[in-house]
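Note that subunit A is present in both complexes that follow, paired respectively with subunit B and with subunit C.
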Partner chain A sequence: MPESWDVELQGVTKYFGSVVAVEGLTLRIQSGQFYSLLGPSGCGKTTTLRMIAGFEHPSQGIIRIAGQDVLGIPPYRRNVNMVFQHYALFPHMSVEENVAYGLKQKKVSVPEIARRVQQALAMVQLTGLERRRPHELSGGQQQRVALARALINRPTVLLLDEPLGALDQKLRKAMQLELKSLQRTVGITFIYVTHDQEEALTMSDYIAVMNAGRLEQLGTAIEVYERPRTRFVADFIGLSNFFRGEVIRSEGGLVVAVDRRMHLALPPHSGARPGQRITVAVRPEKVRLAPVSSDAPSGLVGRVASSTYLGEQTEYRVGVNGLGTIIARRQNSEIDSATPRLAAGELVQLSWALESSLILPEEGVASHEREG
Partner chain B sequence: MKAVEVQELPRVARRAVLERRRGLESIVEPWLRLHSALAYLFLYIPIGVVIIYAFNDSRLVSVWGGFTTHWFGDALRDVTIVRSLENSLLVASMNALLATVFGLGAALALQRVGPRLRLFFNTLIYATLVTPEVVVAMASLIFFVRVGVPLGLPTIIATHVVWNTSVVTLLVRARLAGMDRTLEEASFDLGATPWGTFRQVTLPLLIPAVVAGFLVSITFSFDDFLLSFFVSGPGSTTLPVKIFSMLRFGVSPITNALSAMILAFTLSVVFMAQYLLRQEGRGVRLVRVR
Partner chain C sequence: MLRPTTDRAASPSASRWLVLPAGVWYFFFFVIPLSFAFIFSFGHRGAYGGIELGFSFDQYVRLAQPIYSKTFLTTLAMASAGTLGCLILGYPLAYFLATRVHRHKLLMLLLVIIPFWTSFLIRTYGITILINDRGLLNTLLMNLGWVSEPVRLLFTPWGILLGLVYNYLPLMVFPLYVSLERLDKTLLEASKDLGAGRLATFRNITLPLSLPGVIAGLMLVFIPLTGEYVVPQILGGGKILFMGGLITSQFVSTRDWAFGSAAAVSLIVLLLLVITVYMRRLGRRAEDPFA
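On to the complex of A and B.
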């Protein structure tokens, strides 16, 4: 084998009764990566994680950890550790005993355990809290204990099941950065399950977007955000305006006829063929708005229906005849006398760079192609 | 009308409703208090009388002849009483031990079986508890006689264990239901075997319910009369049965003293059980895990 993977899933399928939780999932996770499984609740991401940990057994397919097929190997003989969603700290043990638990099972000598517990606690900045009980700690501290308890075992892979879900917004941001830098320091592969797209984008080297038990797209944060391959990904990660239509030929090249009224130009090398039905997605922040200056405006013109102030940005909903509502976002820092804030009712001209148009296959066609 | 007064209206209305309710309460409440006071008196006066007369320095149970503790001494010098006390303690502790082991096992197993089997066993457990004791006693007696088991301490213990296993199972299951199941998963994940997980995580977390079940079983068995009376044989008289046989020759101050002792013993065990059950969920360690 030319390359070795820390974790490899091959055609993994999991049924719960007649319900498919995960379907034909194939993933290869390289050593030292921060790898996220991203998707809405019920998409099978947690089930996938639990199969890697050994709490669930795949109905079909193979899971390999460090090259070894782990079928039939119980969780306590797998060299992976998990950080649970609600931490699952042992309430009857102190912080110290919680962290030492894994090494104790491996019959590591007492002085060695003490040394490594100190090291692990220092790593997550909890020195001095050894004797505390979990219920005497704040949410963020409990989170750190859970991390230390898992990492002290030096697992091949660390599995994290929405570990920041229970923390408040501010703490979550801080922990995101901390987790990321911790991962770089220890160099252990992290598999991170989350439904929070922003979290996945900030932390991950690689993101696997899942939907309804299937893999939708695999790629870096930039790839899945900038070049989503399905409508689901474009919709789930960030926000998108969607236009459905048929590709036709016109004098300037290929265009999409949306509802036979509007023509949207396609970027060159889009790969679209005439006659194909496709969806075009445009991110709100790529849509440029300009007040209508001339009496006979050309291109897309709409009327501002509402503007919502979002702090850093302002979101405009613009009604365009034949296309419905288009959402546009503008950085508030760009607002000055030359480009004033737009008011509701104002006529505006909409435009975006050609390469901002993302070409997505029509959903029905896409799944048909996949099956064929 | 001024605007301010209009705004005041809802608050005024609310106050009126509250006042009316309070008026109703002020009439009903004294009656409720009196009622519950009478109920408690009815329940506890007889017990109080028994305890007071255990310290009565007179052979006649109904005449107060001054304070004494010598009935307690007399009771503990009577060989037959002491033997029945020993029997009771033996039955109570053996019963508690067996019922706790069986009950804990049953509760753990029921957590893992399918819904149908669980329903079946749940029904059995509740059936045991709601069946009138006299029916259980009769059934046990007939069973032992038919099968040819000689009546004695073992049959008393067996009958008590059947009842108490259900009690312990219910207590432990209640505790299990409130337990975070991911704790066991976390233990597996950290390399502990199923036995290691049971020893280091599951059992320590269940210990308050297990100990409480043990203590409740002791008190049940220690003052049980019906079951013990039906299935006891020669030489296996327990303390309550002994008191009953003494009562046939009239109420003696000794029986009062014995009753007072049983009450003291039972109450102290019940308080211990209550205390332990209150510790549930507080993360208190009752055993050291090493």
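On to the complex of A and C.
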């Protein structure tokens, strides 16, 4: 092995009875990374995390932690710690006792435990709350206790199972940044499970997008957002307009015939071949809208069906003959006298830069059916 | 000490009426009879039985005689032993039912209470058949060659203990089961994740969090055991007297209501003392899981 990985999964498959929860998953997680497993509920991300922790055993495949095959090693002998979804703080113990629990099991000396508990609580800004019981803390504070309780053991890898799910929006945003900076400070590998694409994009060095037990795409936040490789990824991370059609040759180069009349130009070097059936995805924020000025407009023309004010942006749903509804988003800060707000019923011209068209393979529907 | 886990929003004036039916019931069938017993205990036996009211502590002084105080001690000792026996047998069973049984859970729980479908008296007489000198147990032991003489169980404290544990076990299992069943299983995972093995997890997490169930079980078993008189009568052959038996005989055969009342009141006071002391000690540790 030329490189060493903190966690390595090789062809891991997990069945629950006859149901496949995880299928042939291969991941390599480098030391010190903030690594997210992102996907809808039921995609197998939590099962994956629980297999790394040792609560579930893979039906097939190998899991290595710090190079060591962990098959048969129980959770209490693995050098990983977990932050549980609802924190799982011990209700009959004080904050201090909760945080000290791991070190006590390892028979660390009492003064050493006291020192490290203080250190851990200072790290998560909970100094002064040592004697409180979990139920006397706010959600955010409980979250920090759970973090301190896990990190005090200096694990090789910290596993986080949707740890911010129970917090309100504002606190969640603050905790996202805090978690990220905490991870940088301690330098421990974080494996972070979430269904919240925005959360994953904000925090992660690397994202593994999962669907129906399988890996859809691996990459940095920019890669999975800007260059989704499957329709699922393009749809799950952010919004996309999808156009399915066949690649044909036309005067200007390759185009996609979405239906007989409607042709969408493809970017150069798209790799598409004539005759191929593909899906083109376009992000709503890449779609430009302009009021129709001339009497004989060319290109894509549609009628604004609705406009929704979203704060920073306005979302327009535009009905286009032959293509259905196209969603476009415009920054509200860009609205001025030259580009006024559009009203429902208005005729608009739609356009987008060629390179904004993402080319996705036409997929077999069965293997990528979305789960609830 | 048992605080509710959730606060339900309800108008206090409306919910006050909810205690009315039980309140009326307890007033007429508990408070009033108990007051009678209290008043009777200061009186005397009438010439032909019954009661002559008065105000003297004669009956309580009589109770202090060695023969009666010994009955008190026997009762407490046997009730404690029976409760302990129920706990030792009941905890593993409740633990098993709550954590290891996933299918047919209801059926298993039903099996625990099936003995209750038979009359208490018949069940207890049934035990005499099992444990008498030529009973099933002794026949088996002798045929196996483990003992040469029958093991004497019937009409001994051990026989009584067996009957007590048998009859009261379900009362211990149910509260234990409930407290173990609702124990958040992710807490056990968290404990293991933090390096605690199975035993340490049980000691640090499961046991302390099931204490409310333990306390409820101990109460449910210990309190009726102190008043028990059928089991010692049948399985003890009348040789071992419990307070329950003493009180019953004072009312039924001796017809000394004053003395019987004094014994009953003393038993209640004694129980209150025991329970208060032990709630104070255990209760402090069990308080938090409810918070």
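Criterion: the second predicted complex is superposed on the first by the 364 of 372 C-alpha atoms of A that agree within 3 Å, B and C clash if a C-alpha of one lies under 4 Å from a C-alpha of the other, contacts with A are read in each partner's own complex, and residues count from 1 in each chain.
By definition in this document, contacts are C-beta pairs under 8 Å (C-beta built on N, C-alpha and C of every residue); 3 or more make two chains touch, one makes a residue touch a chain.
Keep in mind it's a predicted model, so treat the numbers as computed, not measured.
Novice: Could you check whether subunit B and subunit C clash or fit when both are placed on subunit A?
Specialist: In the arrangement built by aligning on subunit A, the partners subunit C and subunit B clash.
Novice: Have a look at where A:Lys170 lands relative to subunit B and subunit C in the superposition and call it first, second, both or neither.
Specialist: The answer is neither, since A:Lys170 touches no partner chain.
Novice: Output check: A:Arg273 vs subunit B and subunit C. Expected answer is one of first, second, both, neither. What do you get?
Specialist: Neither partner.
Novice: Of the residues on subunit A, which ones does subunit B touch that subunit C also touches?
Specialist: 53-55, 74-77, 80-82, 84, 86, 88-92, 101-102, 105-106, 133, 135, 149-150, 153
Novice: Name, in rising order, each residue of subunit C that touches subunit A in their complex.
Specialist: Result: residues 184, 186-187, 189-197, 200, 204-205, 208-209, 285, 288-289, 291 of subunit C touch subunit A.
Novice: Which residues of subunit B touch subunit A in their complex?
Specialist: Contact set of subunit B toward subunit A: 180, 182-183, 185-193, 196, 200-201, 204-205, 283-285, 289.
Novice: Spell out the residues on subunit A that touch subunit C in their complex, using ranges where they run on.
Specialist: Interface residues on the subunit A side: 53-55, 74-77, 80-82, 84, 86, 88-92, 101-102, 105-106, 133, 135, 149-150, 153.
Novice: Which residues, counting only subunit A, touch subunit B once they are in their complex?
Specialist: Going by the criterion above, the answer is residues 53-55, 74-77, 80-82, 84-86, 88-93, 97, 101-102, 105-106, 133-135, 149-150, 153.
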